[in-house]
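The following pair of complexes shares a single chain, chain A, combined with chain B in the former and chain C in the latter.
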Partner chain A sequence: MRKLSRREFIGAAAGLGAALVTGCSKNEAGALESVKPHTSRLDVKNLAVASGKDPAKNTRAAVDALGGMKKLVREGDVVVIKPNIAWNRPPDAAATTNPHVVSELVKMCKEAGASKVMVLEHVIDKPAEALLSFTGIGPAAEAAGAEVRAAQNESDYRTISIPKGKLIKNDTCIKDILKADVFINVPIAKSHSSTKLTLGMKNLMGCIWDRQAWHQSESLDQCIVDYITAIRPDLTVLDANKILLTNGPKGPGNTKNVNQVIAGADPVAVDAYGATLFGLKPGDVGFIKLASELGVGEMDLSKISIKRVG
Partner chain B sequence: MNKHLHSNKLASMTNLRRVVQVIAFAVFTGLFLLTIGKYDFAAQGTVLKSRAPIDLFFKIDPLVGITTMVAARKVIHALLIYALPIVLLSIFAGRFFCGWLCPLGTALDVTDAVFFRKRKPGCTGVRQVWRTKYYVLLGVLVAAAFGSQLAFLLDPITIITRAFTLALFPIVQLTSQSLGGLDFVSEHLPFISHNSYIPSDVQYFYRLNFFAAVIFIAILAANSLSRRFWCRNLCPLGALLGLLSRFSLIKRVVKSDCAHCGKCVPDCKMGAIMENPTDYRAPECVYCYSCTGVCPKQSTTIVPTIRTEGYHGELDLNRRRTLQAFGIGALAAVLGKTNADAKTDRTGRVKVSSAQLIRPPGALPEDEFVDRCVRCSECMKICPTNGLQPALTEAGLEGLWSPVLVPRMGECTQQCNLCSKVCPSQAIQPFDISEKAHIYIGRAVIDRSQCIAWNSNRQCLVCDEHCSYHALHWKEVDGVRRPFVEEHKCVGCGICENACPIQPHAAIKVYSLGDRRGETRKQQKAFFEQAPRSGGSPHPGGDPYTTSE
Partner chain C sequence: MRRVIIATCILIMVCLGLANAAATPGVQQLLPKDNAVKGFKVMPGSLQYGKGEGLTNIYDGGYELYTKNGVIDAARRMYQRKSDYVEVTVHTMKSDKAAMDFLKYWQKENKVKSLTKSKGGASFIVTKPSVMAYGVKGKYFTTISAFYLPDKARQDVKAFLGVVEKNVVRK
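Presenting the complex of A and B:
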């Protein structure tokens, strides 16, 4: 056999490397995954509202009132926590989730035996990595033992099918969420220029790759609701310690110290309660109404057992 | 025995030089990497994680220093102080910079060793045109005297930094991110896509990356004509250091026992040794010590001396060529200044032709800016959104490769003043984050024929949602809420244009009409304070927002 010269070897290796690099990112993003229906280990009929000055204590009390993190997270589980880290705002501007809420959840998951806790977000403002720490969430969650990452590359996403979707039949999701055993959504309650409020369901917009497609669609509210039929968090923990009343979603604007954390397995019920904090009826918020109509959850708070603690 | 020792010592000088070259190149690359993703955003502003002088190679480059200061008619202390050691080294010891420190020179030596080993070591049939570089230097200096900073086209440090920034770095990043997309890599080798040197949150793309690469590769490829073809014949920095080193105290001295074997002649990578091997053109020597190593009798030495046998310092420049170089330099400067793109409006602040000439915040007024900007591309490299791009036509001939904000690539993000922190010549003046709400670099304009809130009554609020300065407000027109831009609040950061869902051209675009660089910071702040307190929305710069219980 003819000997390969060094030059030929280097050339071939470079070619192979280039082919690998250009080839690999494509076919992975193209694959369509059907999401197995998630049924939370928690009872959807329950909603917990914890009040108090300390956001971390509120968080723990609210989750404990639902039966505790051990009921949701089993030994060895991989947990993904999805806070709102969309904007370059400091923690006290109430445009991003309170860092103490996130870090307390990380701690609780770890205590319940989670093998790995990831805090993931598709950050809107740039630079994403620096904003993870600017918003206070990165350092707090890392100190509590989580892996914190901004999913800013298309290769971080997988395409999923949304069979129950009315407007969107497929979309993308951060791949680690699809692989996780438990998915916890940790939004902050704030005003929103487009959808009136942003709460739990709207916060899942940070799990998709192409936001603009939703903005350009006929109805952003419908997209939000379609998406949650496929990607449904096991637990939603709504940070309402300090809420943003005006100039949302980015702020700065007027804020209000509500000093509450709301937790529940029914994303619609959590959002319905959140709407009341702004003096609105659940039905006033488009995506809550549509979600209720589609049977995603219950927006009639009288049919929910609300447990108040603290 | 004595001879043997001697030979070892000389051979070790070549090795020492190689070691220093490797170290200098490593320092250059290290400093290069330190401007990528190495920062934190804190409440009071950006913090560079490293205190290393990331623009060191530009500051020590006397060609950059002299042309910038002459063109800008201003003494820039940072450039002066850092360049001084290199100037003194050249005057007293010779062109060590070229042979030992210059990263482009090292790249050329490596290219030679890897790709052109089979070529005969000496010069080939190409006519030696070593004087050309002195004409190039003269042209560049004359252009500077006429107020045009052209060194950026030909300075070796600039050329290699630009090639690294614009062409090489995005490829490295793309490779790392693509590999990171593989499950195997993300699970077992996560550092490939997530490490502190290659940012994973923004994939960088640059315009003109192709040209930066072509220029760099052409310079490397010219080595096929002769070793260090660029350094011998074209490099204006080499010419400047050569001039300075004319009376250097460290010289090549050939002892009287020289057999005139001529082995050192083809071995000289600079072609500095003349036909009679005891003679050499001193300003061409870069002290690589090859001649001392190759000499079979060890009669070639490089020693501190004031003797001048065999020493040729004269340049013998051709008068006609000199005049031509003078003319070309002057013409280049004047053509740049009379180019249509250089025409300003009646206020003298705005270039007529370039509606999209958006400079980074803190940038000096345009004329001063193009003279001072050394085109090092540090600002484009550190810009966390990849919004700063090299100018092609926006700033005219004179402004080629200078930074412009291209909002569709990335906005000027609110909490950031990194570009001003890395600018070696302070063409981008330092500023505090708190001033950013009133440093006007442009203004957003809504194209109502494209905007879906205007032309098809849709409820799109993306620009408002993103705006960091509350510069968009809403008024009901024909029964539908429509967006308007408030000129006192819009600083032209371009986040709206970046986020606008309309493709391919945004329906809201930033133009240079809001550029207020010609005004002092105080004047700009006064303009900002005229912003109306509309709709009960509190003033962004004044009283903070309320918090109710």
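Presenting the complex of A and C:
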């Protein structure tokens, strides 16, 4: 019998409790699952900023500055890495996560003893499988030892409850993320026509089945924040090696070489730092402000210990 | 009797063909076919279509910009020639004026001084940050992106735009 992951165990226990008290509703994606957000093994008060021209070195340096991948990933853990592979854009367009950032993380997870590393995304453009290759992420992550997959079928998702959500009380999540011992979110920093920017929290939109529902809701920003109260990554690694300044999220647009990778366990702090790269204050970005207000994390960077390396 | 059966079969096939064509959104029929630009083949499985809020299928977070500016629906397809990729998106706008206004919006965004005018339309091509053609013919607004050497890509996006314009005229 397969060992239950920490998230599965907590989710199952919470789900059983909730079912006993309230009963569970079902929908097309299956039984409603209660998910207790991960509590990262990393210190949420720390943020690492690694600078340099090599995206892979920046990635390793940033994670090492937080204490190293071994602090997060244990022997035998199953890890899911969620980059941005939404668009059919080549790596230098800065619309998708830099492949070297993703492959370095895969290597680090493997070195830390992960039994399996999966790189997953709900791809927007078609054909999804070709995109994995076109963005460079598929071949790079596979070469590093990951299983790379586009979650393009509704059966890849499970319905979860979002008890702390203000606007959304349930949604979907890629099943493998729910089963994983460790979940690493790897967004790219870029402009976004609806939310000003897309950073870590917004990147989680690629974990859900029905994006359209969020766009049609009264507040996309609130949906983003609601979701992270249920699906919280253990680590966010923000790719800011090259950022997209205009015409995001897909571009093509003007880009800027920032040559940085930002890593942290607090998704709000990572995004708050990310906002400053665009000349914005964290509070200027709707979902960062709302997340801070909801107590998801810290947007006041003066309260965060920022370790600069490289 | 045999002739009647054959004629009936042909009639059924014609009806089925017409029904299929009618079911295909008009904008989708404007997308170039295999080898419409020499050497480029349709990438299987790359067709996307979106209408109204369904434009999220194509633009996700960017879709509001398109609906606000009068896009009714859009179809997109990818084309491949060895390692060269081209993406063609044709949009039906609510009017000819909306199409032209949207082209001018992108002209301003790209800081392009002048448009290349044609009968019932206009276009421009940019090479930075990557090669992209923007064009209007009647109520159809088209964008074409290519991601390889600019000189070669520029010629190709121009050729693709020409094919879409011809398809609009034929329609």
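In this section, the second predicted complex is superposed on the first by the 282 of 310 C-alpha atoms of A that agree within 3 Å, B and C clash if a C-alpha of one lies under 4 Å from a C-alpha of the other, contacts with A are read in each partner's own complex, and residues count from 1 in each chain.
Here is the rule we use: a contact is a pair of C-beta atoms (placed from the backbone, for glycine too) under 8 Å apart; a residue touches a chain by one contact, two chains touch by 3 or more.
Only a predicted model underlies this, so the values are computations on that prediction, with no experimental measurement involved.
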Following superposition onto chain A, is the placement of chain B relative to chain C best described as a clash or a fit?
clash
Is A:N247 touching the first partner chain B, the second partner chain C, both, or neither of them?
both
Go through the superposed model and pick first if A:L294 touches only chain B, second if only chain C, both, or neither.
neither
Going by the touch definition up top, name the partner, chain B or chain C, that contacts more of chain A.
B
Just chain B (first), just chain C (second), both, or neither: which does A:H215 touch?
both
When the two structures are overlaid on chain A, which partner does A:A130 contact: first (chain B), second (chain C), both, or neither?
both
Once chain A of both complexes is superposed, is A:I306 in touch with chain B (first), chain C (second), both, or neither?
neither
Which partner chains sit in contact with A:T198 here, chain B, chain C, both or neither? Use first/second/both/neither.
second
Contacts for A:L178 in the overlay, against chain B (first) and chain C (second): which applies, first, second, both or neither?
neither
In the superposed model, where does chain B crash into chain C, at 23-31, 41-49, 185-193 or 221-229?
41-49
Overlapping contact positions on chain A, where the chain C interface meets the chain B interface
88, 90, 124-127, 130, 134, 192-194, 212, 215-216, 220, 246-247, 249-255
The chain A residues in contact with chain B across the complex are 17, 20-22, 24-25, 28-29, 88, 90, 123-131, 133-134, 149-150, 152-153, 155-156, 192-194, 212, 215-216, 220, 242, 245-247, 249-257
Residues of chain B defined as touching chain A within the complex:
37, 39-43, 174-175, 177-182, 193-194, 199-203, 384-385, 410-411, 413-416, 452, 459-462, 464-468, 470, 495, 499, 501, 537-538, 540, 544-549
Taking the touch rule as given, give the residues of chain A at its contact with chain C in the complex, in rising order.
86, 88-90, 93, 124-127, 130, 134, 192-195, 198, 205, 211-212, 215-216, 220, 246-255
For a test of understanding, state which residues of chain C touch chain A in their complex under the given definition.
43-48, 53-54, 56-65, 78, 85, 87, 109, 129-130, 132, 145, 147
